[in-house]
Amino acid sequence: MVLRLTDVVKTFPGVRALDGVELEVRAGEVHCLLGQNGAGKSTLIKVLSGVHRPDSGQVEWLGQPVSFANPQAAMKAGIATIYQELDLVDDLSVAENAFLGHEPRRLGFIRRGHTARRTREILGRLGHAEIPPRRLVRALPAAGKQIVSMARALSHRARLIIMDEPSAVLAHDEVGNLFRIIRELTTQGIAVIYISHRLEEIREIGDRVTVLKDGRTTAANLSARDTPTRDLVSRMTGRSIEYVFPDRPTGQPQHRDLLQVTGLGRAGEFADVSLTVRSGEIVGIAGLVGSGRSELLETIYGARRAQTGTVRMSGRTLRPGSVHAAVKAGIGMAPEERKSQALLLGEPIYRNVTLATFGRYARLGFTDAGRERAEADRIAETLELRPRDVRRPVRTLSGGNQQKVVVGRWLLGDTRLLLLDEPTRGVDVGARAELYQVIRALAARGVGVLLVSSEVPEVLGLADRVLVMREGRIVREAPAGELDEDTVLDLVMAGSLMEGVAA
Amino acid sequence: APTTTQTKAADTGGNAAPGKKVTIGFSAPAGHGWVAAITNNAKAQAAAYPDVELKSVEAGPDAAAQRAALATLLSQKPDVIVLLPHDGKELNAFGLEAMQAGVPVVNLDRAFPDALAYRTQIKGDNYGMGVSAGNFIAAQLKAKGVTNPIIGEIAGMDELELTQERSAGFRSALATHGLKVANRRAARFTVDTGQAEAAQLLQALPKMDALWNHDDDQGVGVLAAIKQANRSEFIMVGGAGSRAAIEAIQADNTVLKATVTYSPSMASSAISLARLIGQGKGMSDLVELQVPKEITLASETITKENASAYVKLGF
Amino acid sequence: MKTAKSSPEPRTSFWRGDGSETVRRNLGLLGVLVVLIAIGVVTRPDLYSSSQWVGDNIFSILKLASVVGVVTVGMTFVIIGGGIDLSVGAIVALAGVWSTTLATQSFGAGGMIFTAITVGVGVGLVNGLLISYGRLVPFIATLAMLVAARGLAAEISNKQTQVSANTTINNIASAKLLGIPLLVYILAVVVAAGWVLLNRTTFGRRTVAVGGNPEAARLAGINVRLHTMLLYALSGLCGGIAAIMLTAQANSAQAAMANLYELDAIAAAIIGGTLLSGGRGTIIGSLLGVIIFATITNLFAINDLSAEAQNMVKGGIIVVAVLVQQFRFKSVTRFFARNSKITTTT
Amino acid sequence: MKTAKSSPEPRTSFWRGDGSETVRRNLGLLGVLVVLIAIGVVTRPDLYSSSQWVGDNIFSILKLASVVGVVTVGMTFVIIGGGIDLSVGAIVALAGVWSTTLATQSFGAGGMIFTAITVGVGVGLVNGLLISYGRLVPFIATLAMLVAARGLAAEISNKQTQVSANTTINNIASAKLLGIPLLVYILAVVVAAGWVLLNRTTFGRRTVAVGGNPEAARLAGINVRLHTMLLYALSGLCGGIAAIMLTAQANSAQAAMANLYELDAIAAAIIGGTLLSGGRGTIIGSLLGVIIFATITNLFAINDLSAEAQNMVKGGIIVVAVLVQQFRFKSVTRFFARNSKITTTT
């Protein structure tokens, strides 16, 4: 037993985030934490890593009761953490980020060669020897940043490594890499606390599971491999949810073309992309991280200026590089990075939900706060937002609930085409099912949906038609029914066999 | 324009005749009101001499900038330099440097502490200004028979030594009559700060007998504040001698009854002196063959009685 | 026992989100104001014993605050919108000088007001263009404008003080309505309009969004560049209004007037709780900030404090004012935190 | 053919961006500098024809830049670290005044230098304490310090200009080594030390972290508060050094000296590419910014532009300088973009 928590309580003004948590972690095991959005997982690990101090309860580390005054103390004691929100410094290099706070140094001077060498070593272990240690982190894609976060955790000589939803921004092959590392760590006797909303991952890598609900431990030390899914879900949510996709509507799809993209390209990102979305249709895009899907969506939306090609909505060409024009034409987009691209963290939930629509509820330029709150309440209800009070600042929400706010924004108003970039990232099982229902219902009302997701089953299960992207090009297009997970993964990974099929 | 009335190329005597060509370097801080008049006067005076070429550099916002500007001026090797420093003590080192390089320096208004740093110095009498204002006020109040009078003072930029000198003169003149300043606010030589400080002063002194304002340019604001407060129970004395102030004194329809001069015409005189120095001549009305080392202008008191004589000297 | 645990919920809910922190901050500022006035009463009981004088003094403070107050309203918008406007003082000076040229004065009061406002908005638009479409950093763009506008003002006025001969304009400073100075009404109207604009209109919502997270605002379909430009125009408009007010007070205008008003306005806004990094701020806080500064000046004036003592004390008061604000806030949360802990352990 | 299409172009473009943008920005600034000098040559060929004069002029520019340059190095650290220091000018004044009191001067040059540096660091530490531990917004804390420190300086000097009688100190301004003024050496040493500190030490790298992502810095175990405090102390140290340099140049010190140096320093840092919001900036950029401002001043001096024209032109130059920088940057990226497009589409 390296770690034991008893009756840990942590309150924020107005919220009891942890309400008597029990947790036991053994050396060399992968201990999974499971719970709905807002259950208190991130808060729990922040208590462990010295970011928050518990109001009451006991933390025992290596048999000693401890209380970490700050993150440094926890690190000294041998607890390293990969936080849910990326915690990197954009203008420092990869190596500097990896060793931030405990730089190898001599008389205050950084030993740059030494640091770079050790970073290269760690990156090599992580399967990413190609990332140059002296590159600025700012220049890395989100997935690359996640690798650096992991490198930082590995740069400590830790006895326990905590990972808060590390796979959320990783693609399939990266997750495999991650699991290889985790196994390597556990064989050295290092314990890992692993948080994820993807049950398959927990089954694959986890040893034991602790389930949190509303800040309380509802089940401890379950077997990760053998506990039935229904059991886990009902302990998380208090009810049983079928993790299924809503049925596709039978009958002919409508043939009215809503979105027509022809020959769209941006140097270094993607090239010669043509696609259509019909009204009422859900089109999914599968691909690896870095294959250019987000850029494609942002270009369609006008957030990036297309260098070649055109985007047409209902036959009318949109002005390139103008989000305003796209929004006017009825396009909405839930972007990939919620914090930097979508949220006003200090503003209340309802103002974030209505950020794209408040103008519509306004009369003569005067806003209608009552109406906005009502609409936001409705969204909060549908997406199981917690806490439900829409006047709280978004900053205080858990990661998954923030994501719900971002997606919820575009469920309002009369959007005709919805661009969703990783809409379920970090969203728990229950809310995910609700979200699928909502997206389906929108499609049934004639809204076209273009969906990007790194989870292949999600794309296959939700979309009517699937596009597969690799290195900035569309390499396959087919109805979802004609594809299965293995085919898509093969396409995505670019077996040279498939090269000829690409068109 | 004020520049023409304040300049005067000597029209009699031997000094007026064009002599050796003299290049005069000139530097003064930029600004409005009195400081602006200094530069204008200097330029106009130089233009009136056919044998004078004026090379001027703006002084920039502070002493450090002026030092850098003067360095470029000195490297152009003028015959004489006339300068109104931001602060005499801060530019003393430059004066020494120039004099050592063989370029005579005419210090305008803000004295160098070091006598080796200048050839000639012409300045107004700041302390004397305060004394004149104090004496005038004391005399007026005595004539009115006011006992225990309440006296206000609106100073200029407080960080300038000249402001300190003016206030010191004012205080000591009042002290000789057993009077003292009840409230002193410092404005910044601008109309809006004059107005704001005066408004607060009037608030602090619900009843007042006399007020001295150091600078007639900021005085426009001070008078506006007085008007807005509907106050007229006191007399006011100005400073420097702007045309507007002198005209107001002449018209005698405001509280402003007098102003004590500190005339920017000294800049014109400085140019004339520099020319004579450059030509190796003395002042023709004096017996001496050279220009004297120090000239301090007297501060006169302009009242309704003598205003007409001064009005054309107002800036 | 279990039920006792969840008891603090309803009570704390009162303090939840939704601007109550702002209210508390502003209450803190009000407290500071009350203390300043109390110091005035204690140090000059002779003056404060006359109710006539007290009324006059309040108006004198408000009149002193009025010009900077109007400028601060515009500045608050710009800062909330993620920018900064270092040129406001220069705008006031340029607008004031331009509206008091002899040519302009010949058009009468209407012409002067029109000129001041046009100049203010025009300069603001140029700022906005440089920042929005020229992509200059606001600090640099408005600093350049500061320098340039003061230079132009000096050029126009030929460095002279331009006296306003227009009695209508000059009367703005002395006129009263129902015993209250006109300048105070102008301040009140500008503040009220600013409050409504910030809190009740789509323009205000966009301002908060643009300053809080420009990328999010852009992706939500807000025209960030246009909005940014409008913010600087708004600040320019406030500068134009302030120019008229200041010209009226001084009966004149000159290129050096309104010197460093930008600093006063920024300081007032920040004391009032506006985040320098954008996305948060209140008009009422800014107003309180301005009034606090004016009250300090007044306090020094009635006590005949010398400038240097004044400056030292002023620095101290600023620090204490902000600390008081924070203290209130913290002590309240601490109180509640303690409270909820007690209920848990018993 | 098809395989040629999927050449690793997109991949590699990913990893671009390793500070070369900074280098490009600085090249842009150098370009601006060259243009400014060229204008000088064209407008005053008579002066520029004397090589003696040209050498003198370069040193006169560098001497003008030296004091603000030293202050800017400290300011750059503070801004990169996410703060701002409005009190540097006041620190220079206070340190200068304190070190030229008669009592201090009696301890000789060593005593004066020691006093200036102690006062600078001390005031900086107070700033840091107020900001780190008193949790005051940096803008307000250092503004309060500005006011208070100038007040104190006025009090100490009794508003007089205090002449330095110490020839060792005074000689700092005139002494030359190998034909190069001592002041230029001091600037060079401070800049070099700043560069090393920022780029080669943990302190510097942590400064970037504290300013760029304070939360990440905290999570990485950096003592953000302590670090922030040290940044202000560093700025104070630079202020102390600058005070000695300025005192030497003026042979005296007074409470009003170094007026608005904070604005000059901030502007230079920002022109040099430092982000006002923190987390990014370079010492070399700041130095170039300072030198550009000094060169502009010099250009005006040798051409005898009137102050008002000077100001208008200055505003324009600032805007153009920044635009040029951006233009260069953009055109280069566009060039690369075009290039890579060609390889993709062929």
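By letter and in written order, the chains are A, B, C and D; residue numbering begins at 1 in each of them.
Criterion: a residue touches a chain if its C-beta (ideal position, glycine included) is under 8 Å from a C-beta of that chain, and two chains touch if they have at least 3 such contacts.
Keep in mind it's a predicted model, so treat the numbers as computed, not measured.
Peer 1: More C-beta contacts across B-D or across A-D?
Peer 2: More C-beta contacts join the chains of A-D.
Peer 1: Could you put a whole-Å number on the gap between the CA centroids of chain B and chain D?
Peer 2: 37
Peer 1: Would you mind pulling out the distance in Å between where the CA atoms of chain A average out and where those of chain C do?
Peer 2: Measuring from centre to centre gives 42 Å for this pair.
Peer 1: Find the geometric centre of each of chain C and chain D from their Cα atoms only, then give the gap between the two centres in Å, rounded to an integer.
Peer 2: 30
Peer 1: Can you tell me which residues of chain B touch two or more of the remaining chains?
Peer 2: 30, 158
Peer 1: Which residues of chain C are in contact with two or more other chains?
Peer 2: 154, 159, 255, 307-308
Peer 1: Which chains are in touch, pair by pair?
Peer 2: Applying the touch criterion to every chain pair yields A-C, A-D, B-C, B-D, C-D.
Peer 1: Can you list the residues on chain D that touch chain B in the complex?
Peer 2: Those in contact with chain B are residues 47, 53, 56-57, 60-61, 63-64, 67, 154, 159-163, 170, 173-174, 246, 249-252, 254-260, 294, 297-298, 300-302, 304-308, 310.
Peer 1: Note which residues of chain D are touching chain A in the complex, please.
Peer 2: Going by the criterion above, the answer is residues 2-3, 5-6, 9-11, 13-19, 200-203, 205-206, 208-209, 212-213, 215-223, 279-280, 337-338, 340-341, 344-345.
Peer 1: Hey, which residues of chain A end up touching chain D in the complex?
Peer 2: 49, 51, 70-72, 75, 81, 83, 87-93, 96, 100-103, 105, 108-110, 112, 131-132, 134-136, 138-141, 144, 152, 265, 267-271, 290, 292, 307, 470-473, 494, 496, 499-500, 502
Peer 1: Considering only the defined contacts, which chain D positions touch chain C in the complex?
Peer 2: Of all residues in chain D, those touching chain C are 130, 134-137, 139-141, 143-152, 154-155, 159, 255, 263, 266-267, 270-271, 276-277, 307-316, 318-319, 322-323, 326.
Peer 1: State the interface residues of chain B toward chain C in the complex, per the touch definition above.
Peer 2: 30-33, 36, 158, 182-186, 188-197, 199-201, 203-204, 206, 217, 220-221, 223-225, 227-228, 230, 244
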